[in-house]
Amino acid sequence: MKIIPKLVPTVVKTVFKKPVTEQYPYEPPKPSPNIRGKIVYDVDKCVGCGLCAIYCPSGAIEMIMIKEVKRRIPIFHLDRCMFCHQCVEVCRFGAITGSREFEIAAYNKNELKIITPKERVKPLKVGEKK
Amino acid sequence: MDLFKLVEVVVFPGLMYLVVLAIFFEWYKRKLVARMQSRLGPTYTGFRGILQPLADFLKLLFKEDIEVTTGDQKMLTLVLLVAPTLFIFSLFFVPVTGYTIFSFEGDLLLVLFISSIASLLLYLVGWTFRSSFTKAGAARLLLQIVGFDIAAIALALVPAFEAESLCIATISEKISSAVISNPLLLIPHGFAFILFLLAQQADLEEDPFDIPHAETELVAGYITEISGRKLAFLDLFKDLQMVYVSFFTASLFFGVIVKPLSAVLVIASSVEMFLKALLVLFILFTIEAASTRIRIYNLLDAFWKYIIPLSFFSLSLLFIIKALPGVLL
Amino acid sequence: MSEDNFLEKLQNCLKDYLVDAKKKRDRLYIVEVKAEAVDKVVKALKESFGDIHVTTISAVDYIEYLEVFYDLWLHGPKVALVLKVKVNSDKPELPSIVGVIPGALFNECEVYDLFGIIFKGNNHLKKSFILPEHFPKDYFPLRKKR
Amino acid sequence: MSYAVDLLFGPQHPALHEPERFRFKVDGEIIVDVDVKIGFIHRGIEKLAESKNFIQNIYLTERICGICNVAHTLCYVQAVEDMAGIEVPERAKYLRVIVHELNRIHSHLLILGVAAELLGWETEFMYLWRDREAIMDIIEDVTGNRVTSAFNTIGGVRRDINNTQKERMLKVLDKVEKDTRFHKKVLEEDPLYRERMVNMGVLKTRDAIERCAVGPTARGSNVDYDVRAHDPYAAYDEIPFNVIRYKECDSWARMMVRVDETLESINIIRYALKHLPGGEIRVKVPPRLPAGEGLSRVEAPRGELIHHVFCKGDVKPYRLKVRTPTFANILAIAPTFIGHTIADVPAILVSIDPCFSCTDRLTFVDVSSGKVMKLSLGEIKRMYWSR
């Protein structure tokens, strides 16, 4: 009896059990509520300090100058982003927050840029408390 | 040859039925092993993915055929055309539907001979190429054949002696009554059945005997350089082999209980044989799923040191049981 | 063997070759020795403290000189030891310790590949041990620019 | 007339950080010589680290290895903390231990599954990876991602564990423990698995010490060396646990060390969750750190890992030295191949938890002269028959 593989009973039992495979695109995924997903940017809270761009390990954040209002705001290249949420952590003004969204595949890199339209960027009031 | 016989050979229970069965058994294998591993298996094509093997076969037919220049392509083509037909031919002698298309006294030996030839043809597939992987795979395959073939032939003789015939049709008819009339025969019968399954497992190259095409050692063994249409026919060959193994084992060791005397009874007995074949395959796939691959030396050890002596032992046990009443009386 | 008086024992054991020895924290000592005597140092350590596990050998380029460090683990007293030597960066040569500890082979090969430090007595040193095969033979990537 | 076939195992495997090429000289099926070439995906991370600041380097070191990413970040941040003299809060130390051990469980179950798969045992592979999925879910729950956790940071950890998470974790750990005990029984007793693994690649205790083997490879050879126990970091000095050792010195022993360590890790996590101290989880760290040198060693799932950081009072490290465990283990394991058959190569190679893929063509090498010959099919056949 020693030569019978140990898994035989389990294998036969498993036939009558439900498979554990999740058929992902056909079934809704069940991610944890704590996952790090796509980042959400709120331009109204941003002061343009650029800390997020300094600390971003993959260079996914680019600071651009908006001449009309004389301040810098970030552009997020989500195609380079690796969802470490370091930018969320270093932002002192709460302008960048995380979300649970992770299905961000796209056909074009440009679809993955978070660019704030120029007209939404307001000039920074000096001395204003956030 | 009359028209009826022609229909039998080409449609039912001949060529077309066998190919459909082959494709079904491939699905059965994938689905069953998947469920054993708590996976889903094929799901998309047809009802629960039942058409997936057919889809794979057709896809391979339309793929580009990459011919490796270091291989002997003509020989390969010939082998791959001949090999599947050999199994179809030998299945004509096996009661797939309860009765056989052709039958004569001694056809058991012919069928065993043909199946050995088919395995040897696979060896030629590997040997036609100049790649280290195909060559090593072919060499291993040859060693494997040397291991299991003698045991398989010796064990196939056990039911033949029980039913006192060398005709598969007669064996399958008489085997159940022969065993029931002398319950002592159950011992060598069951013994031989288990060993025969192991030999057939080695013939099918399933775990633990998938040594000739061990992925992590030899990429795909003797199949490595084959692609496209040739691979499709090789797959068909393996599937037909599955059909042959299951029905051959079932008819030798379980026999046919429902006699196929009228059209309705033919359907009934073919369902019976089908279920028995599924049972045989279930046992084979359970072994496949539950075991690791062994080394070629272990296989030769196992067969030459244990299984071949044991098969001759069961054969001689059978003689004693058969002869004992005569001696005592 | 415990950690008590380890520093004294160490100083006794290596007094001929020692340049500087200090305790950095629990179970970690940093020792600087003379470059030409590294193999003798390791041998002496092995004789007095038992088996040595070479965690890694590597170097830092301080422009004026190369500092090679040997991160060792002494199985006997169960302490980590960082053995440091200073090497001339124009003509970097060190005695090999492979004869004492065979496990240092790959580490020495890597240092030779990335810094160009020649370990005398190691016959397996070859360029492109870890770098690609067509990497320039006279360029050592981890050295700083002058 | 003795001919050896050059059989090349390797080099490329895109998923793992340290692929290597094993060039076996094979006489029939028996291996007579082995030659190792490493560094096929040398990505220059040590050089790259010199041009990134300390925070960015956390995420860089995390990507040295996807499987043991927690060990790498932990080792790196500890080295930096050692250099700057930063004292980490107690709670952070415990949280680090918890995530580190979760990572270890996930890595061990992964390699046990891979080992089964390499031996053609797909079912056990599927079962092990199915059961590992539960651990991946907790890692996702605690850190925010299944694989790259980004959990450790300089001065502490980035996320806290609340009570619901703790309870969920304990429940999953019970299940994983039950599963692991089942797998332990299977791997211990399965006759075919033992047939393939026992007495394969025997690395004697003395050789293991001399060739500086680390981790489960060393402990499978009965070497008493576990960084967690002998040079405790984080909260390991307060947590009781056993150092797993096996006396058999073969592939099977190395795999069983991993099984037992998985069970031990579950106990460590339970203890850490029970004794989790309160308080802060991180301290603030300035971007510019003082000059100095920091060294940290960590018991990664594959063995001892070391990060050695040098700084000249900048926002960037002056030099970062990383030594990964497989680097040490390849040298230890390579000579043990000799004398075994080709069929045993996967069984031995997988036991050090490496990365390899096997594709290449053959050349014939005469063992005595080392001359490479190109032969036609007919010549090979003739040679074969004349043997």
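Letters A, B, C and D mark the chains in the order given here, with residues in each chain numbered from 1 onward.
Definition applied: a residue touches a chain if its C-beta (ideal position, glycine included) is under 8 Å from a C-beta of that chain, and two chains touch if they have at least 3 such contacts.
As the structure is a prediction and not an experimental result, all values here were calculated from the model.
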Selected interface, C-D versus A-D, where C-beta contact pairs are more numerous: C-D
Farthest chain relative to subunit C (centres taken as mean CA coordinates): B
Separation of subunit A from subunit D, taking each centre as the mean of its C-alpha atoms, in whole Å: 29
Inter-chain centre distance, subunit B versus subunit C - centres from mean C-alpha coordinates, in Å: 64
Centre-to-centre distance between subunit D and subunit C (centres being mean Cα positions), rounded to whole Å: 25
Approximate Å spacing (C-alpha centroids) for the pair subunit A, subunit C: 44
Where subunit A touches two or more other chains at once, by residue number: 5-7, 10-11, 20
Touching two or more other chains - residues of subunit D: 123-124, 127, 130, 190, 192
Residues of subunit B whose C-beta touches two or more other chains: 36-39, 208, 289-292
Which pairs of chains touch, using the document's own definition: A-B, A-D, B-D, C-D
Interface residues, subunit A side, partner subunit D - complex: 2-7, 10-11, 20, 31-32, 34-36, 54-58, 82-86, 89
Subunit D residues within the subunit C interface of the complex: 38-39, 42, 44, 46-47, 82, 209-214, 224-225, 230-231, 293, 295, 297, 304, 306, 308, 310, 318-319, 321, 323, 327-328, 330-332
Residues of subunit A defined as touching subunit B within the complex: 5-8, 10-12, 14-15, 17-21, 23
Subunit A-facing residues of subunit B, complex: 32, 34-40, 43, 208, 286-287, 289-292
Subunit D contact footprint on subunit B (complex, rising order): 33, 36-39, 70, 130-132, 136, 207-208, 210-211, 214-219, 289-298
